[in-house]
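Two complexes are shown next, each including subunit A; its partner changes from subunit B in the first to subunit C in the second.
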Partner chain A sequence: MTAAVFFGCTFIAFGPAIALFLFTIAREPLRVIFLIAGAFFWLVSLLLSSLVWFISVQISNKDSAVQQKGLLIFGVVLSVLLQETFPMSHPPDLSGLGFGFMSGAFSVVNILADSVGPGTIGIHGDSQHYFLSSAFMTMAIILLHMFWGVVFFDACEKQQWWAVAAVVISHLVVSCLTFQNPEYVASLVPTYVILFLMGIWAFYSAGGSLRNLKLCLTCKDKDFLLANHRPR
Partner chain B sequence: MDLVSKKWIFNVLLSMCFIGAACTSVEKKIYVHLNNTVPCVRLLNATHQIGCQSSLSGDVGVLHVLESEENLDFVLRTGLHPPYMVILEHRLFTRSIMMKLNNGSSRVAGVAVVAPDANPAEGFSPHNTCPNENTGVYSETYDPALAHCSTTVWNPLGNGLSYEEFDFPIFSLKDDNKTRFIRQCYFDHNRMVNGSSPQYPLCAMQLFSHMSAVTNTATCMRRNDLNLGITPEYVCDPLGDFNVWATTRPLNNTAKGHKMSESVVIAATRLDSRSFFFNIAPGAQSAASGFVTLLAAAHALRNITQEAPPNRTILYAFFQGETFDYIGSSRMVYDMENGQFLVDLDNIHSVLEVGQVGMRANSRLWLHSDPVSRRNGSIDEEVKTLVENIRSAVMTLNVSASEPNVSQPLPPSSFQRFLRSRPIPGVVIADHESSFSNRFYESMYDNAEYMRVSYPQNMTQEEQLQFVTDTAKALTEVATVLARALYKQAGGDQSQLSGINADPQIVTQMLYSFLIQSNNSWLQQIVPSDLAGHLKNTATNFYVGVMLQSSEPTHLVQHLLANLTGNVVNVTQQDCQNQRMEESDTVSKHTYTYTWVQGAVPPNATEREGYCVRSTVHLSKAVSPAFDLREFTSTDYSTWTESRWKTIKGRIFLVASHELEMVTLGVGVGVLLTSLLLTYVISSKADILFSSQREPTNATY
Partner chain C sequence: MANDTQDVENNTDQQDANGGTEQHQEGGTTRFGSTVGSEGGSGPPEQNGLPPSARPPRVAEADEEDDEELTLKYGAKHVIMLFVPVTLCMVVVVATIKSVSFYTQNDGQRLIYTPFPEDTDTVGQRALNSILNATIMITVIIVMTLVLVLLYKYRCYRVIQGWLFISSLLLLFFFSFIYLKEVFKTYNVAMDYMTLAVIVWNFGVVGMMCIHWKGPLRLQQAYLIMISALMALVFIKYLPEWTAWLILAVISVYDLLAVLCPKGPLRILVETAQERNEPIFPALIYSSTMVWLVNMADTDTAFKRSPTDATSPQPEHQEGTAPPASPPGPSGDNGGFTPSWVTQQEHQLGHMQSTEDSRREIQQLPSDRPPVEDDDEERGVKLGLGDFIFYSMLVGKASAAASGDWNTTLACFVAILIGLCLTLLLLAIFKKALPALPISIFFGLVFYFATDNLVRPFMDELALHQFYI
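Let's turn to the complex of A and B:
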């Protein structure tokens, strides 16, 4: 659909992630390393789990669906165990953002590459808005990964297992929503609702509060800082 | 760990389902590719470029199915979404419509012509009205009254489209499922409803046929020489192939130039044809009718020229590239002038050429001769003798042969190139008294259907191969007349003529091979094994093509001529392939050609039994002398070249409106700027926003 759509969708999908990278990560080399490590370990876990799954599918009975699903879970557990041996969960927002970047890239780069050509989707009857909704979905997924990372880590530290379960369940809901495509409204709106809620939760987990927010917005923050400054 | 693992199950599932969606290939959802693309390509000569050109990255246009010539106004002036890709039915593929599209080419992205299943009722010829008018013998100096078809317009139905230059791509589409899909896409998205213009998204097509060569042959040959890199990048190639020739008496081919006391009668015909589109040239009447007749005549003469050889030698010459300013015949004459051929022009006694002979109305043959050379008394006598020989060859056959009533020049024929060199007596046999009777001269409709080569229903391929059609019977009669006339002209005895008869079985098998499919049991036996794999299941393509790529009919005619005029010799395969009768033989290769052919599968066996055929068949290079002399602006010789190209393809898709694209870009930029702003604000205030967690840990300095 030409370069305009390509750049538009790229900015939509990766805009917040790029902004986060520029302002919170790019200045400190260590944070960059953590980000890349997070992305890398997402890739490793995906690779290993899909490798195991692929091999097991080849040697299994392809007609039995129950067996296939069981094999999938086995592959995933293996990748999780591998992942848990790496010290990658801290800092939580970086590992989450790393996961987000990588999964976003995997999901949308293929689509962006095809958006550069002169044609748009629709000749076989599919909806025209595929590119836009994929881009918005990717943006939501990237941000969600970061929020999930923050909440998950915090919940693990405080041993709040109900929070961990909530993260898992919301992840499940979002992934199932993607099966609603091409009903883009049905998949995007709930995803954004969940994004908003997870965002608020992550904000609180990271140490934010309504009071701090009010202080910022009403520009009383300077007095607060001065007031909190302790002389040595 | 359970919950961690569950998180990862769905993480991976999520990613996999995204990847899964992408793996069904977004590209397949956007584009529908055209399978069999038949483009029109660019050809260049000394002064012009003809044919079609697309831009380097393909031309995109909104589809429009043209309904009539008045509907052109929509494409050229009133339509709101230019440029348009125009889909034409064959009845609208006329000169006036194409020229109007060419003039309005800023709003035309390309043209796709839907080829019909059956030939159109009225004639169609994209060739010139006066074929090869500048490279024949009739010029201002020869006889101004006869130049440029002043007396007879040979191809009156010609609209000259093949020789126009178009700056948009033109493709030919077969009327099949893909074309129906294109029409459906147009009806669904592009049609005007109740006078209001159609809404986006619109159905569009993109055609790629970028040609590398520009301007003319001199320019592209100069650019061929500019090779700066390791791998040379050529932009064009000269057209050409090989002429096929054979003699009734074996002559020493290694000793070129004049042969003492040799008097040769040349029996000439052409091998090639063309159409508007690339590599489509069924050439049934314009090429096949002539050379099939000559092959049958050569076969009819085989026995008698070996048992009771006449005084003069008969040279059968099949010229390639005649459509493009007589490439083959000009080359042979050039070689003869320079002593580079078997014989030279002094050895030629007379020329008898076979033109288009397939459409005989009332079974009449017309004998064309050149009035200018006949002003010379001795030449005139010779021509009269030749005409008399032909007429006497008719005898009891159901054919009549006569000269045209009016004095007119020769039709376009290879004999004209011989006359350019010196006056020689000669006659061209054709089925038309003045203008061509071929209504589809050099077009894609000059096919088996037009020549009425058709078979009854429910015949297998083997049965069709052996079935003698009426056209085959008619051509057999012409071949018999030709063979007898050649024998008489070569000095043979009148009493022998009645024993010379062409074989209708051979003629019908040749017509089937060239006009229906070459991959049949008969040809499989006659050709060597390396050619057997190249036999096709479709009609032969008679386009001469570039020198580097061999043209389909050349080798088929070569081996057919060897089989029909040569003899089977009892020689081992190794000796055969080394061009000798036995180990010690070193002289045979100068006069004969030995070919090891596949042969048939005998009963109770699985392998073919090959054998050796000894004949006098040779190939001689048919590339215009202009390329050897490097005179790329020559007006004497053919300077035709074909451009090179990288990709030829086409695809269909929907296009979105420009506004939607700009909105997407705007939204993207907006999202980026907003998130940059927000992130900057949040990160600068991070101390305050997230202080309730940080305070205790930062307290220790």
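Let's turn to the complex of A and C:
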């Protein structure tokens, strides 16, 4: 594997997230702190779910591969549920993005590190698209976390419990879709469809509308321009 | 004028004439010193020497909200001002550990302070050895702190200064030479001794100047980060595995006790300095703004400086939700470097003199810049270099030891940053000197062991099947 693979996958996986970070977060120190706090909470939820999984593995039959896989699936579901129960701090997009960053990093950083080293991918008959699909999946997950965060927070504020349930269910669906890997078409395409839908939902619940979008794109949105005007 | 100053200090004592601030000088450990200080402390709150601006009559609520928001923003800015150098130091250490194998090789050499080997036959023996090593190290640190306090008490300023000078000399020349050598070896770069001599000489001399005399702020900060990274690398290489973790834990406890207990040597140091009404010997401290350093040996300057410092715009650190108060006391910007901290550094380095000298010297250097603009941006925060060293040591050890796993490194990194953030928040709430090591190191250790033993197998299994959570 080459440096091209490494850089390509890194930029695919983290490109949008880093762009978001640079444009919306990097200037405000407070937002950076919230981002890191979000990452920290995700880490804690992961820790708890790993603990449960670890204990369950220790008391299970280690020889049975089916059982191990079943336990893994149980671990995944538990992890998703724990993530959703963790406090979402305000502002919601930051905690969501923090979750996303950490989740993406934990999923993909070891893979990226391996991609720099020597080796041939899929030499034993596994899929040759391992790295690329991981990168795309990571990007989707990071953005999804942010959208989930926005919708979840908004739904909690407005006490729309059906929306909260929808967020949790869509998270579970996305995770369960990954169980179909390495049939990447079956897992990636629905994930991206869900990503697109969640994006639209988050946009509307954050107060966006077609009108806003039009104003923004044609640079006629006065509020936006004023808010972002920084004295030099 | 009333300033809320926050200093994260490693052994930094800041003079507080009215005792409004507690500053602890500590060897080696970082303290958060919250100095709420102003000279004289009377009168309405002033901003850096400016007369109080007339506040247009506003609704009290809006005023308070704005104030709170401003304080929150400034607090956040100061937290970020510390996040960036800590992150940079960690990045340097992790990058070196991952690429230069020298620092993870076990050459069989040990520091003289950790004489017991860890490659023993039984686990019990190994545990015992590591406990003994950690005990020796901590004892050395405590002894050195006491020595420093005594030196300070009996006004042997020259001795302390010389000590610091030699330490920084050793670090800037000898350790960086070794570092360069190993980097060249790793990347198979052919280098002749002449060029190397020129490079090391220039690096060292400029470093000594920046640290002990005058220099551009960014360069000084860069040097401080580099020497902290070098020191952390030395620790990572020469401290055996279990000893290193034990030392981290013990030194956080020591930090906690030394700062919060009334009978610690550092407290004595601070009180002595306050009695003498002079700024405490600046130790090695990273400062995000220009610091007016008072040369300890030059007490005249010190005296002249203090009033000037007091009247000139002082960085006002507003922490978190702390409303600006007007407690009396000098805003010792230059204040409160604890020689003890330096000493502690010395111990920790063992025979290798640390750069405490250099750091102290840096602190002692008067800055080139004109007096601080009464700009909020100019109010800096300080963090002791010992904190940098231990944070980087933890993250470096995590990346070296955790079977090449990046998740553990990331987890420790986030944990330490959150710990730092929490400590700053506590500082804002309690407004007194707080140790900066305990919370971060505690989180770091918990996350290291938890991630390495629990999360890593889970994530490995997930990555194998390409499951995502």
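Heads up, the rule we're going with is that the second predicted complex is superposed on the first by the 177 of 232 C-alpha atoms of A that agree within 3 Å, B and C clash if a C-alpha of one lies under 4 Å from a C-alpha of the other, contacts with A are read in each partner's own complex, and residues count from 1 in each chain.
In this text, contacts are C-beta pairs under 8 Å (C-beta built on N, C-alpha and C of every residue); 3 or more make two chains touch, one makes a residue touch a chain.
These figures come from a predicted structure and were not determined experimentally.
Asker: More residues of subunit A in touch with subunit C or with subunit B?
Answerer: Greater contact footprint in residues on subunit A: B.
Asker: Using the touch definition from the top, say if A:46 reaches subunit B (first), subunit C (second), both or neither.
Answerer: both
Asker: Which of the two partners, first being subunit B and second being subunit C, lies in contact with A:213: first, second, both, or neither?
Answerer: So A:213 only meets subunit B here.
Asker: In the superposed arrangement, which partner chain does A:111 touch: subunit B (first), subunit C (second), both, or neither?
Answerer: Both partners, subunit B and subunit C.
Asker: When the two structures are overlaid on chain A, which partner does A:131 contact: first (subunit B), second (subunit C), both, or neither?
Answerer: Touch status of A:131: first partner only.
Asker: Output check: A:2 vs subunit B and subunit C. Expected answer is one of first, second, both, neither. What do you get?
Answerer: first
Asker: When the two structures are overlaid on chain A, which partner does A:175 contact: first (subunit B), second (subunit C), both, or neither?
Answerer: both
Asker: Where does A:196 make contact in the superposed view: on subunit B (first), on subunit C (second), on both, or on neither?
Answerer: Neither subunit B nor subunit C is touched by A:196.
Asker: If we overlay the two complexes on their shared chain A, which of subunit B and subunit C does A:103 touch? Say first, second, both or neither.
Answerer: both
Asker: So, does A:54 touch the first partner subunit B, the second partner subunit C, both, or neither?
Answerer: Only subunit C; A:54 stays clear of subunit B.
Asker: Identify the residues of subunit A that lie in both the subunit B contact region and the subunit C contact region.
Answerer: Subunit A residues touching both partners: 46, 49-50, 72-73, 76, 79-80, 83, 103, 106-107, 110-111, 130, 141, 174-175, 178-179, 181.
Asker: In their shared complex, at which residues does subunit C touch subunit A?
Answerer: 72-73, 76-77, 79-80, 83, 404-407, 410-411, 414-415, 417-418, 421, 447, 450-451, 453-455, 457-459, 461-463, 465-469
Asker: What residues on subunit B touch subunit A, complex-wise?
Answerer: Answer in residue numbers: 1, 3-19, 21-22, 26-27, 29-32, 60, 185, 201, 203-204, 206, 651-656, 661-662, 664-669, 671-672, 674-676, 678-680, 683, 685, 687-694, 701.
Asker: Could you pull out which subunit A residues touch subunit C in their complex?
Answerer: 28-30, 32-33, 36-37, 39-40, 43, 46-47, 49-51, 53-54, 57, 68-69, 72-73, 75-76, 79-80, 83, 102-103, 105-107, 109-111, 113, 130, 133-134, 137-138, 141, 174-175, 178-179, 181-182
Asker: Of all residues in subunit A, which touch subunit B in the complex?
Answerer: 1-2, 4-5, 7-12, 15-16, 18-20, 22-24, 45-46, 49-50, 72-73, 76-77, 79-81, 83-84, 99, 103, 106-107, 110-111, 114, 117-124, 126, 128, 130-132, 135, 139, 141, 152, 161, 164-165, 167-168, 171-172, 174-175, 178-179, 181, 203, 206-209, 212-213, 215-216, 221, 224-225, 228, 232
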